[in-house]
């Protein structure tokens, strides 16, 4: 991990009550040294952005399990930009769509919405920690190695 | 059933030990009024033909369950013809090939070998009784209704 | 985001007492006015409709017969975002899945009374040709469409709504011919909501229960049901049963007479059988003690409610075992999942497949019971020794009033639910799985379990920690969340002799 | 078609006695000369090979450890007609299926020593690019290829050969590094052959057992195993166990010390658990009585051996339950099937899936035992009361010699097997399933079961007949053959309240 401590906002978006994975993830991030602002379940998109602005966060980690994430996450990047969080790191993970769909297609949909990485169902916290470490390191030294789109790795899970 | 009593030869072809379905079938045929010559399990193709000639049989019902029926049944119709049983009714049934294959293709293979009907896995005796009744009736009154290839019905099981 | 309790409700102080007729009547008018489809609800017409339903489409009757005949019924979940998709789903579950009870799961916007969002979801679903909602928006489609759904199947239908705000959904569903409704004030509020208070959750379900009782008064028995599976995450039987007892006392107080109790499977044969027996006996005990001698309380088990493995083969084993457990435990019904569980809402065909797997498993295990088996009897006794002190303390805290007691007990942590998203629930209790496969209590939080009982739980979990060479602590709870979802080669290695 | 017993064997009158060294040595030379690949068998080299195998690839050791650790291992069946196909299959079962034991099923020509036909089968399979044989032609491919197969997997390998003529297949397999061989004189002869006499079957397996003992003398313990599943068609436990006892006494007499016992599952939890316990105890009883105090006899259950349903979902439930039954019964291993069972030999992937389903089911039911449960203890006792009179009568008929007794008892119908294709077996005994799901004896034929025991069986079956309104008789046996293969909606209707 790099100093100064990075701040991450976590939460479960929309009307989604699935808190378990998000809570385990938040605890693991804290244990790994991040400052975590955990908004919990049933969090409107606007609350994520507000919290990120208030805490000057480096990344927002959006959980969505219940299938309606595809509706809830639309325009999320635009709202960030409007709030001045132009290049805040955006991850999304969980069971992002309704039903069992081909992961590469689902991932593409969320990358196009402006998320930097999307995690497929059942992703483990170790993966998320690796992603963050890599992406923050890359941001500090932009030229080498180049920022790979999150998707490419996520797909390999 | 039509008089005079029809004679049927039954047995399990080749090195195949699966006797249960064949035995149940033979008992049901007898109960339905047929004269049944039951050769049992592990019966070489030649034994079927010999028995059919000796008893002047009207039909041979070959069981094959173990998967090697496709090898065992090759040339069966030719052997019948050689033995003078030119148009004896030939049925085959059981698990005719190795593995789960598309039934319509399997059926086609056995019809091409000269069987009049082929029964897919798990066929019930009621079906076999219907087939026999229909086919013998048709043979007595060849013009109406025309003999439909057994296959078409078998496929609908 | 969550709709506030109505003004009327706020007027009376919280109590378990039956809602007075006049107040309830005013509450209904207000409630039905909240969305245009509410206007179509006419109780007289609805009662007539239910009366005309054949008995085999009335869930209350079907549950009574199932128990009398010692059957274990199957019931899936399922809901899609448009009427056509949803009707086809219900038909498939009936005809291809041979479901004994056909469900309608509502979508999560409807659950949260965000009907405008649900409307957008319908439109998006129609535009894209695939369901964008995770359930059927019952309120938006209204009463007439609900009746068409009931007509489309030849089974009783139940609403699965995972909500603490059931008032309008419930009105429309009952009016539409649905004869079952799953949900309760304590269980759903602690497991499905973040901001809603336990008090408001209880009040909302007092409305729904009072509504069911209104039908009962008119001669139509409806089946109400309690979701004791809670957060579905390693809920030990006693925690589930505590909520079952309290929720069913609250329902009985409103006049409900046909009230199902649900528990998620622990996936341990003996523990599940003991849980079903203990749940049935304890609920009846407390009902009788409170003077309700005539409440019918069938017990339902649910297929594993925690995280599922991604491998179809492993999932199939959990589904089948889920049927086995339900049959052997003597549950009146089992709520099924599918091999798609780890990924997303199943297609109608995959859903039907899960039903047939379960049905076959039930057939295979028919008539087997564990009664008399030492381990079973011991476990049942243990569960009772966990439930009674907590329920008794809760009643005491409410001076005998269940509603008051529940609210105060949650505040004090005397009542608690593991992994709860709700701010009014401490969620300090932590369960974990022991080395024999039983769900145990690692940390009771502030719940008043007897010392000797907690010693049993801890000893079992220490045994696991020792066997696996891990620390006895929180990590056991976290690894237990993942456990059943792990690849089978990790759970039971084939490299054990290396 | 069946190869006759060798001239040498015919010289000695039949007896259970260990084959004398010199005679056995001459028999081996003759045997190995029957097909060109026999020449490659060199016992010294083979012993060296087995010694060098890691312990986790020696089935005898693996079975001993499994029992010591109370594990339930998984083992599929499987064989394809060409070397490449078969190797790929073995690898898939090991890596994707996590099989604890990897099989090689031989094809039916090899089983009947029709090696010329097997050769044609190999060629046809290669020509068409799909297996035309239902197993691997072990003799045709010979020793060196067998060793390549053993090298390709990291598990012990077992031969599954369903034959009463195991002499050359066994020589080649053992020389190739296979450490297990399934088959026995009484079980396979009555279930897999038509013309071969019980006497010849016993003689052929005396050879194979004597061969295993030869390795044992050289310090290499091989695992021999008995196929008590017989014709796989509703075999009640006692019938299976009677053959287990007799076949294992015959094997012990030849010097075998590691001898597995197999039984098909009845699909009734209590009956299967009782069967496993009874089988273990009875075999040990009789072994000790005959002076063999050191024979290790692990018990294996097999997934349902009768007709399977065509619906994948139903099949999955039977597979999973098959794992559950094996685990709870305390079986040392379970032999698995797949969702393709009703249709044909499964692909490697479908086969591996069946293994994972079963493995998950075993994990879920780990550590559960029924010991002490009344119904279980009663059933175990009932089984013993069926087995003992028949085995005792058989020994008596042989004047204490098991081989002679078995032959005479089959002639007299004292020993019998349901649905047998063998002319030397009366097959008058008829089993059927009772209303509680137990396999019962409808008609004992000439088997000397005690009167009171038969009364229990008949009463149970009369109960079923009455419940279903059918006649008490043969039809019950026939409908029981189809039962498990029926569509689930027929077995457990969802229209029960109409």
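For the reader, a short list of remarks on this structure follows.
The letters A, B, C and D name the chains in turn, as written, and every chain counts its residues from 1.
By our rule, a contact is a pair of C-beta atoms (placed from the backbone, for glycine too) under 8 Å apart; a residue touches a chain by one contact, two chains touch by 3 or more.
Just so it is clear, the structure is predicted and the values come from calculations on it, not from any experiment.
Separating the CA-averaged centres of chain B and chain C is a span of 55 Å.
Distance between chain centres (mean CA atoms), chain A to chain B: 65 Å. Centre-to-centre separation between chain C and chain D, using Cα means, comes to 45 Å. A straight line joining the Cα centres of chain B and chain D is 31 Å long. Contacts with at least two other chains are made by no residue of chain D. Residues of chain B found to touch two or more other chains are absent. A linear topology is adopted by the chain contact network, the touching chains following one after another without closure. Chain pairs that touch one another are A-C, B-D, C-D. Within the complex formed with chain A, the chain C residues making contact are 1, 81, 107-109, 111-112, 114, 117, 120-121, 124, 130-134, 162, 191-195, 231, 233, 307, 310, 340, 342-347, 419-421, 423, 478, 481, 485. Interface of chain B with chain D (complex): residues 12, 14-17, 19-20, 23-24, 40-42, 44, 66-68, 70-71, 95, 97-101, 121-122.
Listed in rising order, the residues of chain D touching chain C in the complex are 55-56, 61-62, 65, 69, 71, 74, 98-100, 154-155, 267-270, 309, 311-314, 316-321, 323-324, 328, 353-368, 370, 372-374, 436-437, 488-489, 491-492, 494-498.
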